[in-house]
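Here the chain labels run A, B, C and D in written order, and each chain numbers its own residues starting at 1.
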Amino acid sequence: MGETMSRDDLSEQLADIGRRFDARNWVLGTSGNFSVVVGRSPLRLLMTRSGIPKGDLAADGLMEIGADGAALQGASGRPSAETPLHVEVMQVRGAGAVLHTHSIWSTVLSDRHASAGGVAITGFEMLKGLEGVSTHEHREWIPILENDQDMGRLASRVRDVLGEHTQCHAFLLRRHGLYTWGETLPQAVRHVETLEFLLEAVGRTGGS
Amino acid sequence: MGETMSRDDLSEQLADIGRRFDARNWVLGTSGNFSVVVGRSPLRLLMTRSGIPKGDLAADGLMEIGADGAALQGASGRPSAETPLHVEVMQVRGAGAVLHTHSIWSTVLSDRHASAGGVAITGFEMLKGLEGVSTHEHREWIPILENDQDMGRLASRVRDVLGEHTQCHAFLLRRHGLYTWGETLPQAVRHVETLEFLLEAVGRTGGS
Amino acid sequence: MGETMSRDDLSEQLADIGRRFDARNWVLGTSGNFSVVVGRSPLRLLMTRSGIPKGDLAADGLMEIGADGAALQGASGRPSAETPLHVEVMQVRGAGAVLHTHSIWSTVLSDRHASAGGVAITGFEMLKGLEGVSTHEHREWIPILENDQDMGRLASRVRDVLGEHTQCHAFLLRRHGLYTWGETLPQAVRHVETLEFLLEAVGRTGGS
Amino acid sequence: MGETMSRDDLSEQLADIGRRFDARNWVLGTSGNFSVVVGRSPLRLLMTRSGIPKGDLAADGLMEIGADGAALQGASGRPSAETPLHVEVMQVRGAGAVLHTHSIWSTVLSDRHASAGGVAITGFEMLKGLEGVSTHEHREWIPILENDQDMGRLASRVRDVLGEHTQCHAFLLRRHGLYTWGETLPQAVRHVETLEFLLEAVGRTGGS
């Protein structure tokens, strides 16, 4: 999809996603960040800028960058500090879009299950919202990584976790929030909504 | 109503219902599905397509099908996989519209009360939102069915449950969500809102 | 205010209140009902019709009636079955507007505190949203009445409770919801928002 | 910023903030109040009027006042009774904007942690939404002051607390709500969203 939609269309879609996630309280403050692939060889992506409220991306909230985070096409400003995590997911998983949300329930669950190293979710019909999952009997393991301000180190651990859990659709950063992705932007949105639902359901059920 | 409103009017109503339920977090991801009868002999229904976000039904989210789920009028795509459950409710209960929502509270309650086989709700004024109920002293029994990916088998159990609980206005699928219906689409909407309220109230009260 | 605003202005205001309360999940299904005085001698009021969703009052959701609930000006349909409770509040308290909401928290609290006969709320700054209250040290007693489908009997108990608790700004019907009022419609809205906040705060605090 | 934006632009921004906070249930009733500096020598500020719903500031909800709360430019009405607290924050911290919200979670937490004199928050990525904070390992101490209707006395205690906790980004008034501020209005908004998130996350986690 990244290849066939115009950059303007993708920007509009990302702005719309920002407004919708903002209305659901998933990107309060300037939390959360979004990216979408706009070219593959070499990798180019449209990325949310650092420090921008996600409910108001329309005017100046996005920039096009390379895999190293450097601006392309004369863009000014800085991309999200978490860009290396997005690039890692794109490279390891071939994702076309990566979305990071920062909801109450993903934050609370990322802490409650930290000592177990992840959250296991099974038995919920909503699991079928995850690409390739065809039954509620699926067991999804969402790894939890300790949070870290050293993005190089954290990106390296993300790579390890994605290598170790080759089937996972997402990971949590402890007391930080949810990362998920998709082949396309709509698929990544579906994964966010699916996982935010599941985390809240697990959180309110009290079990896993 | 199904007979007297145009297909376009019904499509607009369903799209509006999708937006409203989406805003209430009742159809996250691509969860939930809606149907309305557009003809009776033989049964024809307007059904949400498989895998479509319910907040965005306007363009291409609905299709007209027969009781066997086959597309009519050259419609492409696939109807919701849960179509057989909708058809069952239409045939057994004569419902004009069937709505399936997938909220946090219906999911949590469907699990918490699963071993009892259902949720009993009594003493709430809101019960009067259910067709034919005229007092809060009414006792509504909402059967809970184990979830199943075999739709033929599940439809058959839905038929049994509707036969056994001839007065029930809804059923829950375990860890899956709420099914309710009405003679008309507005009545079905009223039942969804009434039951989602009651399930949350019961869930927060801790009793039944 | 009732005397100086046009019926059209009041209708628009009530429709707007309905949309806002609907967005807050305070009038799900067809729950809740609203009234405003449009004349005093004899009493005439604009009342929500029975069985209408409060988020969609614009077209045909209101009717003008007398104190006995009979339609004026050739209005068709039936006013809310709870009209006698509204009239009682208007007569005993001289209220210009009466609003009944049906939220999760007012329902849950009306049950949790039923054996005490009411909810005492003190120490919250938000109490100052109640007309005439100037300090958070105020103690508001919200009486709880057992729910009843006999409206004559319930109206009579409302009269007794208003006579006994001459300072109260509201009452709860058990497992049914909140009644509050004001000299004007905006004041009644302020009371709803103030009390719904306080009931949720008390409910989540676990104390009173 | 106060110096370079027009009063009309600031009024529009405040009205927009009011609508957004209202939609999040952070300024129910007529709770909450907002201010922004429009001049420094002497201090002049745009302040919400007393008793106005914050979701509807557009028409007549703001007035320009001096540090003593007296109206400038022939404005009528009264500014918020809590004006002295805003002025205190502007003077002690050099804030360009002060926002007071009144959410469920800030109210509940202000009570739950009152005996400790404040809430300590550490380990959350969202802390980086606070100006000058660059790591989740930051420990934010949010002092809690007993509520008081004597605004002179309360303003004096606010001054003491700001002097004692020179690094804090906010304080809570017990059973009353959150005060935070920023160099600019957008920064103050970011602080509100960041802190409301953190207080809810702490509240639902059960820890601090």
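Quick note on the criterion: a residue touches a chain if its C-beta (ideal position, glycine included) is under 8 Å from a C-beta of that chain, and two chains touch if they have at least 3 such contacts.
None of these values were measured; they are calculated from a predicted model.
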Partner chains that chain B and chain D have in common: A, C
Same-site or different-site touching of chain A by its copy chain B, using the half cut: different
Chain whose mean Cα position lies farthest from chain D: B
Rotation angle (°) superposing Cα atoms of chain B on chain C, nearest 5: 90
Gap in Å, rounded to a whole number, between the CA centres of chain D and chain A: 31
Rounded Å distance, chain A centre to chain C centre (Cα mean): 44
Per-residue overlap in chain A, given as positions that touch at least 2 other chains: 23
Touching residues on chain D, where the partner in the complex is chain A: 23-24, 123-126, 129, 134-137, 189-190, 193-194, 196-197, 200-201, 204-205
Residues of chain C touching chain B in the complex: 23, 25, 28-31, 53, 102, 104, 107-108, 111-112, 147, 149, 173, 175-177, 203
